[in-house]
Structure formats: structure tokens, C-alpha cells
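The following blocks contain the structures, represented as C-alpha cells.
The two complexes that follow have subunit A in common; it is paired with subunit B in the first and with subunit C in the second.
So, the complex of A and B:
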């Protein structure tokens, strides 16, 4: 079956082949305490990097030279040098960092610290902590608005999306969403904020100006009980037309028409799918499947899973090289 | 050291916006008895704040959320000593609390519920696991957060049957609640296809739980007590009274695992549970109390969080609105069990997955895969709607 999956993938790849197609994906393996490096040319793991305890949130620096990975049980963020493929530094996050985001310039890092209800602000150049912002219980999802003015943090037990003014570093609004909000993503035109709720099993569509929920995406899969459908990771294409939502233990990615907010398709991926990342050309979408210890590769245009790549134990987060 | 330096030069705390109006206060009562049951295992000996500590953490959590909604939560605790009247105390709390979290023996709970019925006060039963409180003795003003004996027994039975350990030797204590637990195991065996090959009663003849050389005696007693049993796969012990069950593991005549009140124990919570974000709650609890979180702590946390959840969803402190929300179809609580907890509308019992823990690790979580249900797989645990004797009044 493995080979069977590979063939159509190869065909697509051959058709689209040009020298600049290879990207590098970094996958955090929560249980393995490693980061798997995937080459999107060969769709193979080329390196496995040892990191601290319980790696989860992971992101490339804007210049592509470093990968930052939150290692929650070590209360820090490891910095991997992508040339050396090893941890070269750590960042002063608060206790139990889980997810983080950076500003457009790549100068400021905002970290959600699950253990003490704060978002920590870090100066990336100086590697210094600039301060903390008090948010709700168990902060998790982080997103920054396209204009950089608003930072979103979701708090899992408070069940809110907090709007933080990045200049004042203050919470300016909080919007209640369904249970256990995990992830937040803006449309690239800034018109909508999407927040997934793991236990609620929905995605709330929020008007970022009015600070109000304007719609809700619900998911239903025949033969699956409602509790098994848990929305987590979200990926929206740059043209704001199509979105992908990871449904956790439902083992599926929902394809959503991002304009009408209607689910158009469910793609079967690996078990307990959490997060995802597009290749920069948006030809492919890679998802982390925790329980099956693999990454699924989705052909974005064809809306098909074309390949599965085995990685480390309990893959959690994923980030793609910017170029 | 890096963090210390950074702290010194950092900007410090950044304030959240100041809200103009005074916060709306929501007071929750907590009513329990001071008496603590002694356990066989010294490490399991409950502390004086067992239960109420969980409620206190939930109040902190509710207040963190409340900051953004201008709501403030407070806990009023009454600890009953021997001879104190439960009704008087319940009425005192009901003077300013719309909700009272109760960790009371079943008859006390019913007395309090009936005394408060006309006031509209709602009791959140965090302690009593008696099925009758949800069945023939159910009350419209009591919401049950604690699981029932039948839910616990069913959770264990599903796992034992999945494991193909279907032949049980049932050992029952001589106290009333041990017998009730045994009833739940018998029912579970019938429901899920296990067979009780023999039943034995362990008489409580009194005696201290702590002695200086008791182990020698126990090592002689337990093998003899479990001798000459018909072929069985697992010994199931019903000993809520903490008289013998914890003495059984490694001491049975036949080399067999123990489950029920010792060995593999069904429970609403365990200090070893770390899945589905539970580690965050465990960390918060240890930080607050400097001890591990027990099942009773979790049941009280859940009760206080239910009120907090209702208050944030309805953006109200109005008792009727809060109760209607909790009893309504939209209520669901995230409580680190991997799926939302909801309320059975026919008897106001909270649906919940049950952990199976061995004292050091969580071995499994029930309902087990494959035990299907037309409404919710959580309803494969405990008394289901078609069987209920409850008529809410």
C-alpha cells in the first residue's frame, strides 16, 4: 500500500518538477524528544535531531536559519541551527511553553505558557524576556494579525480567544468560544479569525473588528460519534479560499470552503491528527498524526493524501522552511 | 540565572485593562463532614482538605476567566463536626450561595436537599457514589458530579472483559457500602458477560489499621483466605470500608491480579493521570496544595467549574439562568478526560469517562472501545435511561 500511495504522488511531483521545489519540514515528536527533518523533494526523513523534554510548538525563524521548538517539560524553547542540525541555544520562555508565534519582522516572539496563565514576550535578537501578559487558564493557541497589531491567544480552560494589542501589550478584548480552544489562524486579508475548539469539536469564525463570533463550522462524519471529532490545527491558503482543519481522533482533515464556511470533503490521514504546514508554494500540506507516528502529505489542488512518512514518536507540531 | 537577569531588566507585569463596574460575585458553598476515613495504605490517607482543595483551585480558575467577564467567585466552606446538624448548615450556606458543593453521606445529602428545595438552591453532589441518590431517591435540586458505584463497576468490568479476564472471584467486605459495591459488580458481570465463580465475605472483626508487625500476620491470613477457590482469572474486591482489599495484591493463594477496591481501581481521577492536558491541572493543584490531587478533589473541582462554565456561557450570575444552562442541551464541560462531560437529563448525573489506575499509573480509560451505545458511549457506564427509577421532582 505504501508503494501504491507513492506512485500517484510521484506522478504529481514529476509533473510539477522544477529545481526550486525542495523544501524542508521540521516535525516535533512529543514523546520521542526529537525533531524529524523531512525533505519534500524525496519525501524522506533526512535527519533526526535530539531536543529537550516534550517538544511541541515549532517554528522556523523568518530568515530560515533557525528552528525554534518549545520543550515544555524543560521550561524553555530550544533553538536549532538548520545548517548544523543541532540545538545551539535556548530562549527564556516562562514555565511549560507550548505554542508560540513571531511578528512579521521575526524580532519578537510571543509564547503561550500553559502553567502560569501568561503569554511571554521575547526579544529574539537579544534572546531576552521583555515581559508577560496575563491571560486565561491554560494559554495555548497563538496567532498574529496580518497587520501585526493584534496578537491572539486562546486559553483552553477559560475557553476564550484573547485579543492583545501588540503595541500596548494589553488584552483589549476576549471572545468566548467552544470548549478547549486549541489553535487560532487569521485569513491573510485579516477579515476573519478562526479558532478551533478541541472538546467543542467546532471552529468559531470571529470578526476581528467587532470581536464577535459570526459563524461556526461544525463537522459530522458518518459512523463517527461526535466526541471523536475534535478540531485542532487549521491551515488557510493564502488566497483565503480553502481551509483545512485537523480533526484529532477522527483521523481526518476537513476541507472547508473558506468563503461559505461549508465543509466540502474529509480526507483520511493518520491517527490523531494535530497540526499542519503548507509548503511555501502551497502545493502540499503536511499533517502530523500523533498516534500513528507519521506525517501525511496532502496534494492541495487534488485534495488527496498522496503519501505517508514515518517520523518519531507522537509527532505534534510541524513547520516548513520559508524558501 | 539567565531568567533572573532577564527578570531584572524586564518590563515586569503588564496590567490587563481595568473594568469600570464592580465585579458580579458568585458565591458557592462547600459542605462536608470533618470525619476522615482511615485507609490501609498510609500514602492514601486523605488530608483534611481532601475535596475542598479541588473546589478552591476551580474557584481560582473561574476567577482567572472571570477577570475577562467581570465575574468574581468565592467559596464558603462549612465543615460539620460529629453531631452538627446538616440542615442548619445547609440553610446557613443557602443564605448567600445558590450552589452548594456537597461531600456528604447519602442520608445527609437527602436531608439537605429536601430542606433547601423551596429556596431553589442546587446541591452539587461531589462525594456520594450511591446509585439510589440518582434512582429511587433522586431529587430535582441535586446534580451528581461524583460517578456512581455502577459506573465505576461497569468501567472496570468493560476492561476485564476486554482483557478476557471473565472469571471473577468476588470478595466482599461486611459493611453496608461494601455490599452495595458488590451489587454493582454483580450487575456489571451480568451486563458485560463476566462470570462470578464464587463469592466470599471478609468479615471486619475490628482491629487497628496500623501496627508495628502486622505484615507477618497479613502474609499468613491472605493466602489462606483466598485458598481453594474455583478457577478464576481475577479477584474483584468490594471493600469501600478499607478493611482488607489493599492486603490482597501479591498475597492471593493463586497468582492472580486483584481489581476493584485494590490493585486496578476504577476512579474519576488519579494523581498519575497526565493525558488530554491533565498535566496542567495536576501541576496547578500541586502548586496550590503541595500534595497530589485525589478523585474527591477532582469531583469538587468539576462541580465548581460547572458553575463557572455556566456563568461564563450565560454571562450571568442569576441562579435560574445558571441552573437552566447546566441542565440544558448546550452544557458540556472540558475536564481533561478527552471528551466533553455532559449531564444525563433523566437523573442529573454527570457523564464521564472513568480511569483505571493501579496506584502508580493509569492503566486504561473506560468506556472501552467496542462497547457501543445509541446515544453516548459514556452511557454504557452506569444505569441508563431505559432502566432508571428516577422521577425528577
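So, the complex of A and C:
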């Protein structure tokens, strides 16, 4: 999400200045209760940071100084200082926070609390709770529209994507999707909202203005049973042309033509692939593979897996430094 | 002395009941929290060239079968196994693809068989545990009856208390072992996937 606030000119300048720009990725290890720090120059784990119980959702602050990680079993969000490489503070979420998202300015954080059917709104500067929004049962996926006006929250049991007006902090529409929605992502131009369904094994394409499902991406891999194909993490390139969808225990990432919504390729990555993050230059895509305890590095242009990095136990979420 | 034994026995039984609740109705004897996946499907671990034309041929090649036996064994560290595979494929310059397919076919068959035998063992232990739980339950009731009798026989009470203590201890020990062994099928999955990935990378 950092990309919306970075000037395109600056990005070009950075790319020209240092072609081998190194970025830093932070990976939450759900079972290991740690966060692994990966250097994208050496493709090696440089640090392992102890965090609270059951870390899942993870994201850099917009200024790159902090990494926030939802530690569900501790009912809070740990704040890691990226210079000190340790937890320095916590944020007041509700019970069992799983995923969260922040507004474009990086001032407000919206947290999905799986256990009490609410989304908590947190002021990031004051690190204080501003309020709660009632949503469906077991809220999970979170996304903010490019214009910041609409917050999307998916609820796992209600099987809906809720549209929340960020100014009023109220649900204004709900769209039914396939079973157990997990993750939501907007195209950069705001024209489409994609919602993955873990049990349904599909990605629903939603018109964010009409609040209607306009298409569905289905996946099929010869020799694999349908229930092994579970759609979870989604990554769409900034030009809105190519998308990548993590398929859980199918151990594959689907490459999707984001215009025609057709699957063009399946890449074998690691076991139970869950979430992903691009490097800011979009040359590489990193995926977390829960069962094989590793991270796969995909060359985005070549659409090939080029590297595997061992991390902690049960890697779940991943976030990339903004610079 | 007696009450702790009964309490211990009841705690153990309560735990065994929890196991029953968590079970998948399709596999009533499956004791693990991890979902039972009876077999690893080929497509979940292999995206390389089709291996249906090699089937059992890996067993006919002594070099391949020796390599499979070594790298499939969990006592061989994974890094060492990956290096062995890499070296073997590098040395089989003639038909690297065929060599890779043979090694993978051997690993797939060997590790799937090992996995099945571990899972069968777990289910066998679960059935034994169920019988043991039944025995603890009836012994506990007998002990309670003896203790509340108007003329309690202290010798028999002590004997049965002792027996119950042992039964509970064995039950608990088995439960701990099961919890540990439940991780083994996943460990085998991980190994097959990692070695399969190594072979595919070498073939690319």
C-alpha cells in the first residue's frame, strides 16, 4: 500500500541510482512466535525477533520505522522498532486480532478482531483506540479503497465483504461471496475489488460502486482435489495487469491476467502458501509457505521461482520495507 | 492418597474425551489434532515431467534405489540429502531428466508408504487407548464402591489403587507419545516436498 504515497518520479530515480536496491522483508511465524527479517540483496534471514503469541497480520508503518504485527493469542498488536529490531510498544486492538490495514497517510489503523465481530479503529500517532465498528462473524480480510473512502472487511462465517464508510465508520453495503472469505485487494485504479475464498477456492471480482459480484476466478490443477485448492493471499501489480493468488495446500501461486481474469500459469512454491508481498520495484514477489517453513522468491517478469529461504515455524504474513 | 489417583484418572479420561470430540467422523480412530490426509497426492508435490512411465523402474537401478533409501531416511540431514541428489543428477549427464524422474518416483513411493505405516500405528494406539480408558473408568467405579462399603477391605483397596495408578500412568505416557508422533506425517510431507523441489530445480 506504500506505493500510493510514493512519488512515481522518486521511484524512477531510486531504480536508476541503485539497480540492486536491497529491501527488507518481515515475516510473521505463527507457530514460532517470532518475526524473521529477510534482506532481499543476500536473500538471507538477518534477524529473528521474538514477538507475542500467534503472530499473523504484519505491516510496515508508512515511514518504514516500525513494523506492526497482530499477536492474536495476546489480544494485541506488537510494534517493532526496525532500527532496534525488537518490540517496543503495543497497540490496543480487540480480542484475537488477525489482519489489519492502514489509511494512505499511515495515521489510522483498522484491525479485524476475529473473536468479537468488530473492527477496531486505532490512531497510530497517539497509539490510542478511537472506536469500534460492528461487522459480520469472524472478521478477517481488510482493504482500503485507493481514495481512502471505503474500508473493506470480509467475515469468515457470514461469507460477506462488508463495505464500510471510513468517514461515518458504518457498514454501508455487504456483498455475498464464496465460503470463508480470507483476503481483499483493490486494483490500483479502484475499478475492481478482489476477494479470495478459502473453502470456495475462488476469487470474486466485485464492482465497488455497484456492490455486485461481476466475475469469478476459478482454479483447477490436474491431479489435485478441489478442496486442496484454497484461495488466500492476493497480489496485484501496480499497473493492474497481472495478479498472483496463493492457493494454500495446493502449494502453488496462480498467475492471473488481471484484465481477462484468466489463469495463465501455476507456480509450485512451498507447502501451504498463504500470503505474499512484492518488493517496491515489483521485480520480485515473496510468498510465505506455512508447512514447509519457508519463503519463496518469484521473479515477477520471468514468472519463475528463483529462490527458497528457510524462516521460522509456520510463516503466515509478510510485509516489505517501503524503501 | 486415593483421591489424587481418582482425580488423575478422571483428568486423563476427560482428555481422552476431548480427543474424541476433535475427530474427523471419517476417521474415528485418528488421534491427532492435525487433519488426516491419507495419501500425499502427486500433484501437490510435483510439477515436473510426468512420472507415470517410470513406475517401479527405480527399484531396478541399484544406484537410484540406494540413493532413495539414503535420502528418504529422516536420520539423513535434509541439506545432505539435497546435496546428494544434486551430485547424483549432475553425474548422470546422459539422461538427467530420466534420472530425476526415477529418484522422485522412488521417493514418492517410499515416503508415502512410510507415512501410511506411521498413520496406521497411530490409529492402532488410539484403539488401545480407548480400551485402556474403559478399564480405568470401571476400576475407578470399583474403587469408589470399595471405599464406600460398610466394611472396607484395606488390602484390596490398596491393591486396586496401585493398579489404577499404573493404568493412568501408562495411559498418560501413551498420550504424550501420540502427540509427538502426530507430527511425523507432516515431517515426511515436508521432506518429500523439499526433495521433490530440489529435483525439479535441477531439471529446469
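In this section, the second predicted complex is superposed on the first by the 303 of 323 C-alpha atoms of A that agree within 3 Å, B and C clash if a C-alpha of one lies under 4 Å from a C-alpha of the other, contacts with A are read in each partner's own complex, and residues count from 1 in each chain.
The rule we apply is simple: a residue touches a chain if its C-beta (ideal position, glycine included) is under 8 Å from a C-beta of that chain, and two chains touch if they have at least 3 such contacts.
If you're wondering where the values come from, they're calculated on a predicted model, not measured in any experiment.
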item	value
Overlay on subunit A: subunit C relative to subunit B, clash or fit	clash
Subunit B versus subunit C as contact partner of A:159, first or second or both or neither	first
First (subunit B), second (subunit C), both or neither touched by A:169	first
Touched partner set for A:136, first subunit B, second subunit C, both or neither	first
Subunit B versus subunit C as contact partner of A:225, first or second or both or neither	both
Which of subunit B and subunit C A:101 touches, first, second, both or neither	neither
Partner, of subunit C and subunit B, that touches more residues belonging to subunit A	B
First (subunit B), second (subunit C), both or neither touched by A:266	second
Subunit B versus subunit C as contact partner of A:200, first or second or both or neither	first
Which of subunit B and subunit C A:114 touches, first, second, both or neither	first
Candidates 76-84, 94-102 or 130-138 of subunit C: the single one with C-alpha clashes against subunit B	130-138
Subunit A residues contacted in one complex by subunit B, in the other by subunit C	225, 249
Residues of subunit B that touch subunit A when the two form their complex	2-3, 6-7, 9-17, 61, 64-65, 67-69, 277, 280, 283-284, 305, 309, 312-313, 332-334, 338-340, 376-377
Complex interface listing, subunit C residues touching subunit A	41-47, 186, 189-190, 193-194, 197, 200
Residues of subunit A that touch subunit B when the two form their complex	92, 96, 114-115, 117, 128-134, 136-138, 155-160, 162, 168-172, 174, 176, 179-180, 198-200, 225, 227, 249
Contact footprint of subunit C on subunit A as seen in their complex	221-225, 228, 249-252, 266, 268, 270-271, 291-293, 308
